[in-house]
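So that you can tell them apart, the chains are marked A, B, C and D in the order they are listed, and the count of residues begins at 1 in each.
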C-alpha cells in the first residue's frame, strides 16, 4: 500500500480564478513526495457541524518545494469555508488517495470538463508523449493558459464564447483530434460521451469518476460505482472510487 | 419596552487580560445609546453547530463613540470562539437585554466576584455616590486597576496573593466596610454570602443572577429563578433572569 | 405567486408559524418580527391552572441542537385569555393555542375555556417529554391518542391539531389513530427524548434526567416522519424539527407538510420566521413556482 | 490505572471498539491507527452470501451528522473468513464480527460458519434501516428480537451481542427481550431512520428514500437510550452514537455502558479511536479514577 498521510498542511497561497473557483497551494512534503496525477486529497472542514472530508483532486505538484495545488469550485458549505481561508492558515488534509492516472500512450487526448479540468494539469506535466488537450467550459474559462506549455489546447464552451460551441466531443470532432489514449475527468454526462467516443473510435480511455465519500480510504463503501466484472475486493459488481479509482478504464465501469 | 437591537457589531479591539480572560470593544451605536450598567448582550457564535447565544454583561460603555466593552472568560466552545476573533471582524449581538442596576444609595458597596467583576465597572462609573469596591479573585487579578478612579478598591484572593485572603465577605469584614446599598455580581455561593451579609446588617442589596439562556428576551422560560412572590408575568414563583433580571433585590429571589 | 395555504378550513397567508414554547405568546419577538407577516402564531402550551415547570437548568446546548426541560411552565388559561390573547388578536395572523394537560380532563377544560374565544386553531401537545404525567404518555400509545382526540373533538369549537411524539416505533400508527378519531390536522415532530450527563460533576444535566432534543440535528428524522405521516393520512400536516432556512421549509413541504413551524431557529436568529418566509418566496421565484400548494408532497 | 473491561467473559484491554460498517475490517484504518491499541475491532456486517448494497449516492451530510444508505454491501462470510479474519488475527485485539441477514436462517448460517473460527464475539445487527428485508424489522418488535436471539444462542459458540434499533418507542422492551432470550450483551444505538430531499432536483437523496442518521447530532438520544437500557437489564452494554472525544465516551460509560464504539468519528478523524482512548485515560488521571469500571453507570 502506498503511504497515506493525515496532516495539518500550511496554506501558502490562495487566489480566486473565477467568480466561484479558487486555487490554493499547500505545503505538505510527505504527501507531495508520494503523490501522482489523478490522485486526490480529503480536505477536512474546521466547522464542527461538517463531519465529512471533501475530496479534491491534485491539480499540480511542486515536488522540489513540497507544494501541492488544489483548484476547487465553491458549490456548498465546505468549499465556501475553504474559499475563506487565508495564507498561513492550516488545513487538515489526508492523502494522497486513490490510484491516479496510469501514464501510457504515444498520442494522448487529455479531456477536462468544468471542475474536472484541474487534475489534467499535473497529468499534462508528467505525461511524456504528444498531447492534445481539450478543455470544456460552460462559459468563463480558467486554467487554460496554464496548459499551453504542455500541448495543443482546444477549448469548447456551451455558449460559444471561446473555442468550439458545444461540448468537448464537439471540439474533438471539429478539430479532427486523434490519439491512442484518452484521459478524461469531468461530469458524468461528459464521461458517458467520452466513453462512447472512445468505443466508437477504438481508443483506450482512462476516466476519473466522482461519488460522495465518507472515509476516503476504502473502508465504508460509500463511494462505489458499478463495475463490469465482480470486483476482487468487494466481491460484487462494485468498485470503490476512493480506492480502486478514481481513475478507471472506461470499459471497466458502468456510467 | 426599552429598545433592543440585533446587529452585526464591529470589533474594534480585543486584548487578553489574563490566561483565560479577554476584553473586547465593539462598536454598535444603537445598543450603546440604550444600554445601562448591569444589562447584558447575547453574543451569537459563527460556528453553525452552536445554536444558542452567549449572555455577556456590559463591562463599559463609551457613549460618545458608540463603543461597548465585553470582558469574558473562556470556559467552553463559544467563549473560545470569541477569543479568536480579530479586530475588524464582526460579531452578531443582541441587546441591551435585562433590567440593569437601579442607581440608588448614598454610600455604596460594589461587590464583584471572578467573572462577575466586569459589570461592576460601568456601574462604578455611573453611580454618583460614595463607592467602596470589593473585588474577589481566586488568584490572578484583573480589571482592578481600572476601578481605582471611581472609589476605594479592596481585593480578596483565595490564595492570599493580593488583598484579604479569603472571599469578598472576608474583605468587607477585614476592612470594616459599611454602606447603605450593595450591588453584587458573582458566583451563586458568593451571592448567597452577600445576601446573608446584607440581611444581617440590614443593607439593601441588588444582586445580578446567572442562568442558562436560550432566547435571552423572555420568551422561552429557560432562565428562571425562584422568586418569593408570585411573579406578575409568569404567575408562578418564577422570575425570568433575562427579562425581570438579571438584577434583583436580594430579598426578591431564592438562591 | 400564491403562498396561502389552508389547514382544516383555516387559511394562512403563508405556511410559516412558530413552534410552541419557543415564541411565548409573541410579545417578546414582536420587537424583531412583524407578526402580521406570519401565517400563524402558535403559543406556548397553556394548561388549566398555572404550572411552575421544572427546576433549572432547563436547557443545554448539543451539537447542532439543544435539549430543553422547561416542563411547560405557563400562567394558565385564565391569564392567557386575559393578557396574551388580546395582544395576539391585534395582529393580522392566525392564532393557534397550544394546549397541555396532565389528564384528559385537564385538556378538556382548557379546550372548553377557549371555545368562546377568537382563537383560530388548537394544537394539542400530547408529546412533551418533560412532564411526568400527561404529555408524552398520551402520544406514544395509539389508543390513548384516539381517546383523547375523540374527547377533545366533542368539546372543541376550533379545529384540533394533534401534536405527535417522534419517540415512537411507527409514526404512521399514531398519525392514523389521530385521524381516525377526528383530528383536523397533525403537528410533528415534538422533541426527541435525550439526555446529557455532566461528566465533571458526575450528574445529569437536568433534574428530571432527560430533556427534549430539537434543532437542525433532528431535521432528517423530522423530514422522514413528516413524509411517512403524510403518506398515511389525508389530514394536513404542520412540519417542524430543525427548520432554519427557507430551503429547510421547502424540504418539509415537499415531504408532505402543508405548513411548517420554527422553534429552535428563533433562538439562533430572532428574525428566523420572517427570513424563512422570504426564503420560501425566493425559492418559488427561482423555480417559477406559482402556487406553494403545488409543492406540498411533490416528492413521492 | 486500569482500563480493562470484561464483556460477557471477554476481556478488552480498554473499552473502545469501532462501530460496525465504518471501519471495514480494519485494513484501511490500520495505516492511521495501531489496531493493537484498540479494545476490540468490530467488523462491517457479514452475511451468508455477498450483498451488493444500495445504489449511490449512499451518504449525505447533515448538521453535525450524516445519513448513510450503504445497504450492507459485503463480500459474504466465505471471503470474510479467508481474507479479513486472518488479517485481524494478526493483531492483539478482540475481534467482533457483525452479522446481518434477511431471514433468521441467514443469520443462523453466518453464526454457524463462524463457530469454528477464532472470533471473540458476534454482534447481531437486527437494526439496519437500510435494507428492505431483515435488519430493522427484527429490531423493532420484541417477539422478533426474542426469537432470533434464541435461535442464534442455540448455534453460537461465541458470546452474542444484540445490536438494538433506536427507532422504537421503548428501548427497554427490546433490551429486556434480548436479555430474556439469552443475549450476552447489547450494542446501541444503531442509526435513526432519517430522510433528505434534494429540493433542487425534487427528489429523495437516496434511492430507497431513507437513510440512517449517525454522528454527534444523535448523541443525546443515544446517551438516553444507553441509560434506559442499562437501568433495565443486567447484561453489559456497548454504547455508541456520536462519540467523537474521550469525554463523550466517559458520558456513555457514566450512563451505563461498559464499552463504547466509534463510527462516524472515524470519517472526521481517522485516528479518532486512539484519540478517544487517550482522552479516557486523561479524564481518569485528572479525576484520579483508578479503575474505569468504577465509572460504569455511576450516574443514576
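Rule of thumb we're sticking to: contacts are C-beta pairs under 8 Å (C-beta built on N, C-alpha and C of every residue); 3 or more make two chains touch, one makes a residue touch a chain.
Keep in mind it's a predicted model, so treat the numbers as computed, not measured.
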Tell me which chains count as touching both subunit B and subunit C. A, D
When A-D and A-B are ranked by contacting C-beta pairs, first place goes to A-D
Return the distance between the CA-based centres of subunit C and subunit D, expressed in whole Å. 34
Can you give the whole-Å distance between the Cα centres of subunit A and subunit D? 35
In whole angstrom, what separates the CA-based centres of subunit A and subunit B? 55
Could you tell me the distance, in whole angstrom, between the mean C-alpha positions of subunit A and subunit C? 47
Mind pulling the residue numbers of subunit D that touch at least two other chains? 63-65, 215-216
Using the touch definition from the top, which residues of subunit A touch two or more other chains? 48-49
What topology does the chain contact graph adopt: line, ring, star, complete, or other? complete
Counting only contacts in the complex, subunit D reaches subunit A at residues 21-24, 27-29, 31-32, 44, 50-53, 56-61, 63-66, 68, 70, 73, 75-76, 79, 215-216, 264, 266-271
Contacts from subunit B onto subunit A in the complex sit at residues 47-49
Which residues of subunit B touch subunit C once you look at their complex with the stated criterion? 1, 3-4, 6, 44, 48-53, 94, 211-225, 233-238, 243
Contacting residues of subunit C [partner subunit D, same complex]: 62-65, 67, 140, 167-170, 192-197, 199, 202-204, 209-211, 213, 215-221, 223-224, 227, 242, 247, 250-251, 254-255, 283, 298-299
State the interface residues of subunit D toward subunit B in the complex, per the touch definition above. 63-64, 216
